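Below you'll find the structure, written out as structure tokens, and then a few comments.
Letters A, B, C, D, E and F mark the chains as written, and numbering starts fresh at 1 in each.
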Amino acid sequence: MLELNNLTILRGNSIVFSNLNTSFKSSCLTLVKGKNGSGKTTLLRTIAGFIPAEEGNISYQNVDVNLDKSLWVEKLIYVDAKKGLSQELTVLENLLAWLQMKGWSTSKENLIKALRSVDMEKFSNLYISQCSEGLKKRAALARLYFSFIFEVKFWLLDEPSNDLDEKSTLLFKELINNFLKTNGTIILTTHDSNLFKRKHEILDLDLIKEKKMS
Amino acid sequence: MFDWLANPHRFSRLTGNLQLPLIILSTTMISLGLYYGLFDSPKDYQQGDAVRIMYVHVPSAWLASFLYFSLAISCIFYLVWKHPLADLIANAIAPIGLIFSVLTLITGSLWGKPMWGTWWVWDARLTSMLILFFFYLGFILLSNAFERKIDGSKTASVLAIIGLINLPIIKFSVDWWHTLHQPSSILRMDGPSIDKEMLFPLALMMVGFSLFSLYLIIINVKTMLMEKKCEALILKLNLKEFS
Amino acid sequence: MSSNNLSWTLVFITHLKRDLLINYRSLIDIIAIISFMLLIIILFTFGIGPIKKNLDIISNAIIWVGLILAIIPSLEKTLKKDLENGWFDQLATSSIPLEIVLLSRSISHWIMIIFPLILSTPIFLILLNIGKEQMPWLILGMSIGGLAISLIGLNGASLVLGAKRGNILLPILIIPLMIPILIFGVGINEAIKIGQEPINNLLLLIAFTLIYLVISPFISALLIRIAIAR
Amino acid sequence: MFEILWEMDEYKVYIWPSYFLTLFCLSLLYIRSIHKFQKAKRMLNQLTKKNI
Amino acid sequence: MLELNNLTILRGNSIVFSNLNTSFKSSCLTLVKGKNGSGKTTLLRTIAGFIPAEEGNISYQNVDVNLDKSLWVEKLIYVDAKKGLSQELTVLENLLAWLQMKGWSTSKENLIKALRSVDMEKFSNLYISQCSEGLKKRAALARLYFSFIFEVKFWLLDEPSNDLDEKSTLLFKELINNFLKTNGTIILTTHDSNLFKRKHEILDLDLIKEKKMS
Amino acid sequence: MSSNNLSWTLVFITHLKRDLLINYRSLIDIIAIISFMLLIIILFTFGIGPIKKNLDIISNAIIWVGLILAIIPSLEKTLKKDLENGWFDQLATSSIPLEIVLLSRSISHWIMIIFPLILSTPIFLILLNIGKEQMPWLILGMSIGGLAISLIGLNGASLVLGAKRGNILLPILIIPLMIPILIFGVGINEAIKIGQEPINNLLLLIAFTLIYLVISPFISALLIRIAIAR
């Protein structure tokens, strides 16, 4: 149970949103919606602990996550448009570097499986500089697979479905379903309202703001 | 000339029966030159035996300069008339020229030490050779710095041409620079008073080195031609995957 | 409405405006470049120690070498950014001759990087206690030589455009080209110092700069066309 | 004839290295090119086999 | 009538597609589909003349476009993920710079209109570095408006709908409809199969390749 | 499986490996950095003139200033890329102490940039004809001082992280910090030259380096945390 207690966040000097209260249950998928510039990315980055909250706090199981940051960030995987892939490495090397960075060591099989989970194993030796947009995205999403091997509780995904073709979108949804089964929590932003048929919560930042207005 | 050579088959055929004579001739000339240079030529009346260094130093110097010239020319051919062969030739020349420029500098230093008591002087000729070395280096680095080879070739060719324009300017400017500061007397390098017994081994080495480089260039070009063929075949294989 | 109807000078101006706007919105860069130069000078004065006589020997050298080294960091970005953010792609969809765009680049570089340095020569003179009779010549030399430096710099930048680790290759490629500028530039002041006529060096410097003013834009344009095709 | 070697005493430290270095570099170039040549040849043969 | 006559394109040393033959009619919208790495972006960049074709040619009204490149490129607007916006300029300044680059001069009103056409006028003075992904995209798409003032015949759009929120997607579609009315040609890539209700051609690169196989 | 169980040295090694892999796949950088240094030396000699006496006065200064200036272009990239492509975001989602990662960065920088320069000192000595009795001390000084330079350099790089036109700001921020290294380093060789004991300068240099070895990683880590929060 992750809770945001009247969270206020600035970007530059402008308030992105103020006194936001909401909570994310486990084994539950939440779509963050809202028009461009409404603060979806900002929200995700705040939860991931990149952007310090101006006011309010974020608590997981009723403990402020900032008390032990490292404990918190270990539990989550964050993927956004920037992806964190370096052009000079191949898809596989990037994945390995990321694993080592996370402090996780795993077997060759699992790596292959992870790549296969987004249908990337035939591209595993392609340099990122030679990947198309969609391939890059998939190379980044391959990380999600390791949540089934190591203990990860949260996925924070910023517009993950962009650039993905039909097939890999399906694979991605499969990953999501499996993760929810292992009662993880997923918070993702998207503009594609009919991305998910399955049941899911919706957090609409615009609605919240309108409420505040009135 | 390039037009005529551009066709790789003709190139191979033409050079095929050149290779053997080239390598034999060059090796014999060089070994003869070495023998005369080391054992069977007079000392210089003022430099003594040190003059023997000239037999390796001067030919390398000459070749380093000449090879760069031909490299730049073939780059022009490549950029203007888009002859793939010209590019190959340029790339074949580059490493050879690089080595010769290094040789010049080192043997030169080895010569300078006993003669001038110093390894290095900032003389125009020396310095411009050092700069030439950097142009060779830049050419090689740049032509390998891109994901696709052709991008590298094109860019590096431009660099080579820039060098062709600038090297004379640089050499001139360094000469000019010497006239500004009173040139120190001992550090002049107009070579020893060459008599013909010295000239003979020198000539041998010069020609030997040149023929040897020519041989190497031919080999390298052939290698690259084959590599190109390989790439083409790989493409064909990919094509098969499609159709 | 095609751009052919636009006079090229106009094109030149507009691009100049954009460059200046982008790179030099803030004063910081100008301050930065000047302080960089100052720091190079300071480094040397510390390196050779306080003895005035020694300083005099190398004061001119420091200024010119400093000038050349100081601008190197500013070069790479001038083109690389526009390749990465796709601006050159957009340029490729217009019929404006690239040569002009690139000439305007060099000029904007001169205005925003070299010119501030020229303005701050008095400080350098004081630090290196160079006699003030040198000042006008130094300024003249730096303005002319500086233009050549910008032009060569742009060529270098376009050479390494899209190259792996271009930022490290760049210095190797351009410094050799800068040597004549250095020699003629220093020559001017050395001539003054020992009471000779500096005019020859000055003329040589001008000639060199003119040559580059003509060829540099074409070289850069050629290279950028190659870069876009990737 | 070979006493000349010992005649050029004080200079041989400069002469020998320059000669040896030169020969070394030349042979290096030679070996390198030949080696690359052979490699390309081998590869070409393999590929031609594959294509047929 | 734009025609691709057996076009073959390399990326690196690998063939992206070979002997592609197709044509794009005017006042007609073509969606380029295909899985990740199938060559959509490459195709667009080739048509825009950025990537030289290995074989074959591109002809507009039966004239090879490479005969007079500048004449050709003037007729088209190309927008992709890179967008060609510089971080240090505001939205408006970027648009202006682009116009001047195209060699077009226009009135203040038209600028405002262009911004309004993607609902950006209230962000016109925001620096790109402060824009959210979607705002950047819209800032780039604002250029399209000028096809109604100056003579533009082609839009080449690489995944234009990514990051756009509902409202701006509608605005974007409106732009498309207007452009088709002025019988322009639109070639755009997307993975969102139900992006357009309106009639449109489809160029499916995967299908074409399969055909080649058999 | 949490990384706390991993020994930090292991973490250190793995990150060292990644850095070396990414930035230095090739020999190019090493060749490049050496040539850059050589070119700086060439520039200076042309500035000063061929007179041996003058050259001797500043030869040591040139080597040390050259060392400091030569590494500047290599610094910026070391961190900036990883911020832009989001790698640091990913780092922030792991419990590995940033300090260690950054220490490994400095070390990899030393290995790939400073060390090659040290290996090529003989060439510099010949060009500037410095007596070979200086060599061991120069090498010793450069290896120790070089480490400090890498550490300071990394601090600078993280300071300008995310700053507009950081590449221009960088030199200003780090050069002042480098002045002590320069003074002690040159001090060693000057002492030798005039036949004194170089030991004092050496000790000072070591002390200075040790201090930075301790504080630098913490400073960089702090700065990067700030950069991510933007």
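General remarks:
By definition in this document, a contact is a pair of C-beta atoms (placed from the backbone, for glycine too) under 8 Å apart; a residue touches a chain by one contact, two chains touch by 3 or more.
These numbers were taken from a predicted model, which means no experiment stands behind them.
Of the two chain pairs shown, B-F and A-F, the one joined by more C-beta contacts is A-F.
Residue numbering at the chain C/chain F interface overlaps substantially, since over half of the positions present are found in both copies.
In terms of their C-alpha centroids, the spacing between chain D and chain E amounts to 56 Å.
Taking the mean of the C-alpha atoms as each chain's centre, chain B and chain C sit 32 Å apart. In whole angstrom, the spacing between the mean C-alpha positions of chain B and chain E is 49. Each chain gets a centre from the mean of its Cα atoms; for chain B and chain D, those two points are 15 Å apart.
The multi-chain contact residues of chain B, meaning those touching 2 or more other chains, are 134, 137, 141, 145, 147-148, 174, 177, 180, 234. Across the assembly, chain F contributes 28, 32, 35, 39, 42, 46, 49, 164 as residues in contact with two or more other chains. Contact with two or more other chains is made by residues 12, 88 of chain E. If you check the complex, the residues on chain F that touch chain A are 1-4, 6, 11, 14-15, 18, 21-23, 25, 81-82, 84-87, 89-96, 228-229.
The touching residues of chain A, counted against chain E in their complex, run 11-12, 34-38, 41, 81, 123, 130-135, 137-138, 159, 162-169, 191-194.
By the touch criterion stated above, chain F contacts chain B in their complex at residues 28, 31-32, 35, 39, 42, 45-46, 49-52, 126-127, 129.
Per the touch definition, chain B reaches chain D in the complex via residues 30, 34, 37-40, 43, 48-50, 52-53, 56-57, 60, 95-96, 99, 102-103, 106-107, 110-111, 113-114, 212, 216, 219-220, 222-224, 226-227, 229-230, 233-234, 236-237.
Residues of chain B that touch chain C in their complex: 131, 134-135, 137-138, 141-142, 145-148, 151, 154-155, 158-159, 162, 165-166, 169-170, 172-174, 176-177, 180.
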